[in-house]
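One structure is given here, and the rest of the page talks about it.
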């Protein structure tokens, strides 16, 4: 019964992962990471249901908090570099290489 | 249950070192909020150093008083021998890194100002400074302390984020070459977040497998639960991705050179020493405690990762022309050597102890030397800031023999020449691995060491055997802090290289009881 | 009295002292005095050595790193003693010879001499170590001062040569490290003391692998064919003094290691690999000599002669007869003096003219007869002319080897002919014939240089006619080594009447 | 008659026999270390030391004669040279003392002669130092009581020879000749060394006193091997085929050197070695046969070379080769030949030294001209030289009653008895000797003057002529003294043994008469060609045979084609292989790692998405690996 949720979670995680790989805009990339975190949340909640304890649900809350903190930091960084480069494309930031 | 929630028991005394650091960090935030601008710096530095020193003292006190044999805080945090040792190491390394950070010349005047803009000019003119750096560092250090001590995966995840988030910011705060610094921050942030998502997903799968995120519980479940092996394997792999990313093991090493190069050098020093120590602590705990019963499974995988890491680190470093990038690759290679130790577990407790104490010793030795090396890098300056390009280091031995000599000594320690700390570190790890039956890995390890020696030696060639460029870089007169860092690192490298016994004893007694379960 | 520690201590303190002296000239004199003190102390120690006493004498053993079972253990047997003597004799000579060498490149003179004394301490340590780990530590650590001496004070290609030298040796050393670790864990004694490790590895296959780990390191160090190519580069680029210590002493650690560690620790493997090692040695002897003939650079030529000579030494070690073993040990000492003299005198010559190429010389004998004469004597010692000490050792090695391996020793003996060709041809091209325009005003040896050369030639002559003092010390040690490998010398086919009958 | 037992000895002149070696050694040391300070009196030191050595030798000889023949092998132990291998001592017996007397006596004379000959050379002191060094080494060679010490002396004389051939080292030809002599000798030494190894491996001893009595116990094969190897050594030192080529070039050295080293003493060391090792050779017939063949081949080759040379010293050198060939032939025959070999060696030492010094005297008077085609008619201006030279000449061709007549005839007779083929070839050799020596004398002292315009020939000073006179006296009488009544054979018997039946000297044997006839024919032919007829100033092209002889029987060409060119080619190949092959492998490996590093670092593109990809792929791989391992 919970398998469907798990498959959905895996799909979301994969979509997020692939999104990170294919999208250029830093904000979108970052959103894809958030999608992956939410996929994890879905998995946690599902497993909580499956295992019959509340740990998974509690964890989901923790993850949300952490994700929020990440957003704060992430946006700050992305905005700074956007101001400098006038571009939010992650491909433009490639001075450091080899 | 019955609607009554029992208050958790928290061993505050055991957690005191972390609490001190976190408390000081919060206090630092308050200072930012309320203290006048001109006072902030004067308050932050003593606050930061004192808190670190205090935390260290508490750690020592803890260790002297007796190492607890049970996890603390309802099983969430394990303050055991290895954790205490790692705490001590992280606190010392953080302390010396802060002394480097104190040299505010390294950090941007106004992070929000666009590089080269009038606002930046203005900020520079006013002598503005981001004193938030200190609380950020303290938060990061707090995370580093928690990460290796976390006894369940959720705490580990939170600790990972607490450690990483401030570092993402700090990476982008370099005063010069700001484009590079910001790029490093973005890269570090995106990849870090990406990898922590893997870590989290792995946590979720293991939770699904074992019904708990407690490491001991997971381990217990390894034998008991049947039919869900795929969940377990993929979960463990995802967890591994997150951890291996932090230590920069191949193929998750790509961020390291870019981030190390772009970050302000003192922050690089902190990352290369503190983060690495913390990440290895966590890796050991997760793999040995949480997945200890699965070692027949993860050992071959880590075997391959270790080989790849050593080879990639050593080979790619050869052609680097940027000193910080080169040190980054060197750090990757050293991560590989340390992984050799992780694999060197065995059936006997003595074997595990010797492997663990070897790794602990190696971490201290490498951490101290690497901080010293980056401290030297901060002192060799060009018109545009630090002289990163190796060609600029030509003939440094003639201009500034003492500094070049010390740096050469650090490099020899990295290369693992006897009578330096690096040698005994490598020896301890390799010895454990040979005893543990990983002889082929050790052979790859020594071959990689030989290759790695080449680029260390190349820098020495440049510094001592080449003639200096006409407009070569100048060596700035070090601030007292920087000088102290270099001196401390050099001294430690010598002492650990000539008389390593006390530190080995310490590592051994820390490792003796192994990780609590 | 802790003799060996004192020797090392004096050298190290001397090295520190030199860096503190402000004046370059004073620093040189100070170094010379220190090295002479070390020499005097070593001689004082050597006369107290009783050849038929304990195997290891003047032993000092302290725990160094109990966690790893590592000791600071030093002591000498006959083999180590003569090699330490070689080292401490060469150092003051090299100091005197290098008086102006470090001044050329505007490099720090004090550093050079300080490195020299550090190296001296390590040379003593590496031969005296009775703890395998301590030996390894010295084995690797002594690369560093030499690396700086070549790299900072050498010729045009110095950094290439220095890096090649360091990496090649380091590579071998690291392989040895693996073997050292494995030895420790297989022996399971929890100690690195040599005497405790002897005989602990019984399994022959294990022995073979460990043997290879040690042997490759030593073969690179020695250097044995085909691991030799770093030597000509290093020796040609190093300042003459450093080249002397490099070829004269450092490389001996390789052959010393074979004798001490490869044979005693892994006797069965040593026997198994003997055909291979003998083959490599013989190839090295002939090949080194032939390549030496074709060299155009004096220092490279001398380096290749050493490749040939090291073949003799390795062959003697692995022939496993008392005569060959003692001969090989004696060879190590004599070769130090002989090559030392060659390098130093060639160095004097090169210093005068500023070129290492043989073709830039000619007819020097006419303008600088003493230089030419001493060069000839050194050269003759290189071709093992009887009457010079090198003959005794080469003769012993060949005779000893012949008793077991006829064909290899016969092929090796062709080295005698080839040696004559490379030495005399070089001598002819540089010293004989019409005096070349560029060397017309070459000064002869000055007093300092004569003092450098005289002791070497005196030693070559004295031990050429009276090697007994050295052999009396070496013989019991070699016999002891061979008995622990459990080999006995082949007997005579035809018994002869004993003396006095 | 078997050789006598070895007896430990102390006391008397024999007890201090080491002084014989020590005197000249000290002389050499003084002269070499003293440097220019000793320039003024250096030559006197040299002479005194040589004479002192002779005095000791003479006293030792007298003391030796005082013992019964059976007690004349005296061992004087000195010290432990190589513990476990060789104790060094001296062996004074009839054989060694004969050599000592020859070496010190002729050596002293040549020292004296050299005072005059080298008077104008700025490096005369050094010359005397080397001469002294030579004498010391040569005495060590013959006095040594074991093979190691013998080898020390053996190489010592080689060194002295090298130094003296190259004495005028500023001449490239001299330097090259010196080097060649040393290297070719080393080839011989190589054989000798292997021989010594074999001896040691067989007997575990190198002392004559232990090896010889036990020699019969060794297998035939071993003894043959030892014998042949020692022969290789002897061939090198004594310029026997196929290691003869250095001797002719060695004439680049000053003439006294040619007389002492390359005629009278050093080159006969090979003969000494063979005779000394008689105990070994007598157990190895094959080896003995080879020795005799080598001897005969060389005596003919040397004689043929002698016929074609216009350079007076080279003609004499060819003659030396040839005469040593006789000695080797005799030495190969065994106890029956030993006495004749050594006797011929001694008389040859006198008359050949006489001839060489005479030649030197001629050159001294002719501005160091060596081409005989520019001599002629010198008998009038150099009467003493002429007379002494003539005596030497008559002695060497075997003019009845002179020294060579007795000793060479002895060899031929013995050879004839041993093996007729060898004997007849030796006879032919004697005939050729008659021709080339006569040619030499006629071209030099007779006929028309063909001097260069600048030449003002004159007689040499007394310091040079007196040695000539003394040597020529030896050339006259020594042969008869030694051979008649088998005096020398009896004397030597305790050292080398003697045939049971002593030979009787028959002046009218068939062989002797034929030999005389052939010699006379050769001399007559020479007279017609060079005495009576005009000698062209430039050598005519001559037939193929003449060219063959002039080019030293193509010995050098052969060496060049067989060894030198392939050797040079091999050297170049080896150097190339070392640089490109062995070192190339090492550097290639390093370059390979560097190159792969250069390519691999391109993977680090700088694009964060590619890094993410690597993490993604890495994660997939990790999970895959985990699954694979887990399901194994």
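Read from first to last, the chains carry the letters A, B, C and D; within each, the first residue is number 1.
Here, a contact is a pair of C-beta atoms (placed from the backbone, for glycine too) under 8 Å apart; a residue touches a chain by one contact, two chains touch by 3 or more.
By chain, with names taken from UniProt: A = NADH-quinone oxidoreductase subunit K; B = NADH-quinone oxidoreductase subunit N; C = NADH-quinone oxidoreductase subunit M; D = NADH-quinone oxidoreductase subunit L.
Because the structure is predicted, anything quoted here is derived from the model rather than measured.
Trainee: Measuring from the mean of all protein Cα atoms shown, which chain centre lies nearest?
Mentor: Taking the mean of all protein C-alpha atoms as reference, the closest chain is C.
Trainee: Pick out whichever of the two, A-B or B-D, is joined by more C-beta pairs in contact.
Mentor: Result of the comparison of B-D and A-B: A-B.
Trainee: Find the geometric centre of each of chain B and chain D from their Cα atoms only, then give the gap between the two centres in Å, rounded to an integer.
Mentor: For chain B versus chain D, the centre distance works out to 78 Å.
Trainee: Please tell me the distance, in whole Å, between the geometric centres of chain A and chain B computed from their C-alpha atoms.
Mentor: Computed value for the inter-centroid distance: 25 Å.
Trainee: Can you check how far apart chain B and chain C are, centre to centre, with Cα atoms defining each centre and the answer in Å?
Mentor: Roughly 44 Å separates the two chain centres.
Trainee: Please report how many Å separate the Cα centroid of chain A from that of chain C, as a whole number.
Mentor: Computed value for the inter-centroid distance: 65 Å.
Trainee: Give me the residues of chain C that touch two or more other chains.
Mentor: Touching at least two other chains: 167.
Trainee: Among all residues of chain A, which ones touch two or more of the remaining chains?
Mentor: In chain A, the residues touching two or more other chains are 17, 20, 29, 90, 93-97.
Trainee: I need the residues of chain B touching at least two other chains; which ones are they?
Mentor: Answer for chain B, listing residues that touch two or more other chains: 186-187, 190, 194, 257-258, 454.
Trainee: Using the contact rule from the top, write out all pairs of chains that touch.
Mentor: Taking the chains two at a time, the touching pairs are A-B, A-D, B-C, B-D, C-D.
Trainee: Which residues of chain B touch chain D once you look at their complex with the stated criterion?
Mentor: 186-187, 190-191, 194-195, 198, 229-230, 232-234, 236-238, 240-241, 244-245, 250-252, 254-255, 257-258, 297-298, 300-301, 304-305, 312, 315-320, 451, 454
Trainee: Across the complex, what residues on chain A touch chain D?
Mentor: 17, 20-22, 24, 29, 90-91, 93-98
Trainee: Where on chain B does chain C make contact in their complex?
Mentor: Residue list for chain B touching chain C: 357, 397-398, 401, 412, 415, 417-419, 423-424, 427-428, 430-431, 434-435, 439, 442-443, 446-447, 449-450, 453-454, 457-458, 460-461, 464-466, 499-501, 504-505, 508.
Trainee: Please name which positions on chain D make contact with chain A in the complex.
Mentor: 601-602, 604-609, 612-613, 616
Trainee: Can you tell me which positions in chain C touch chain B when the two form their complex?
Mentor: 64-68, 107-108, 111, 136-138, 140-141, 143-144, 147-148, 151-152, 158-159, 162-163, 166-167, 170-171, 174-175, 177-178, 181-182, 184-185
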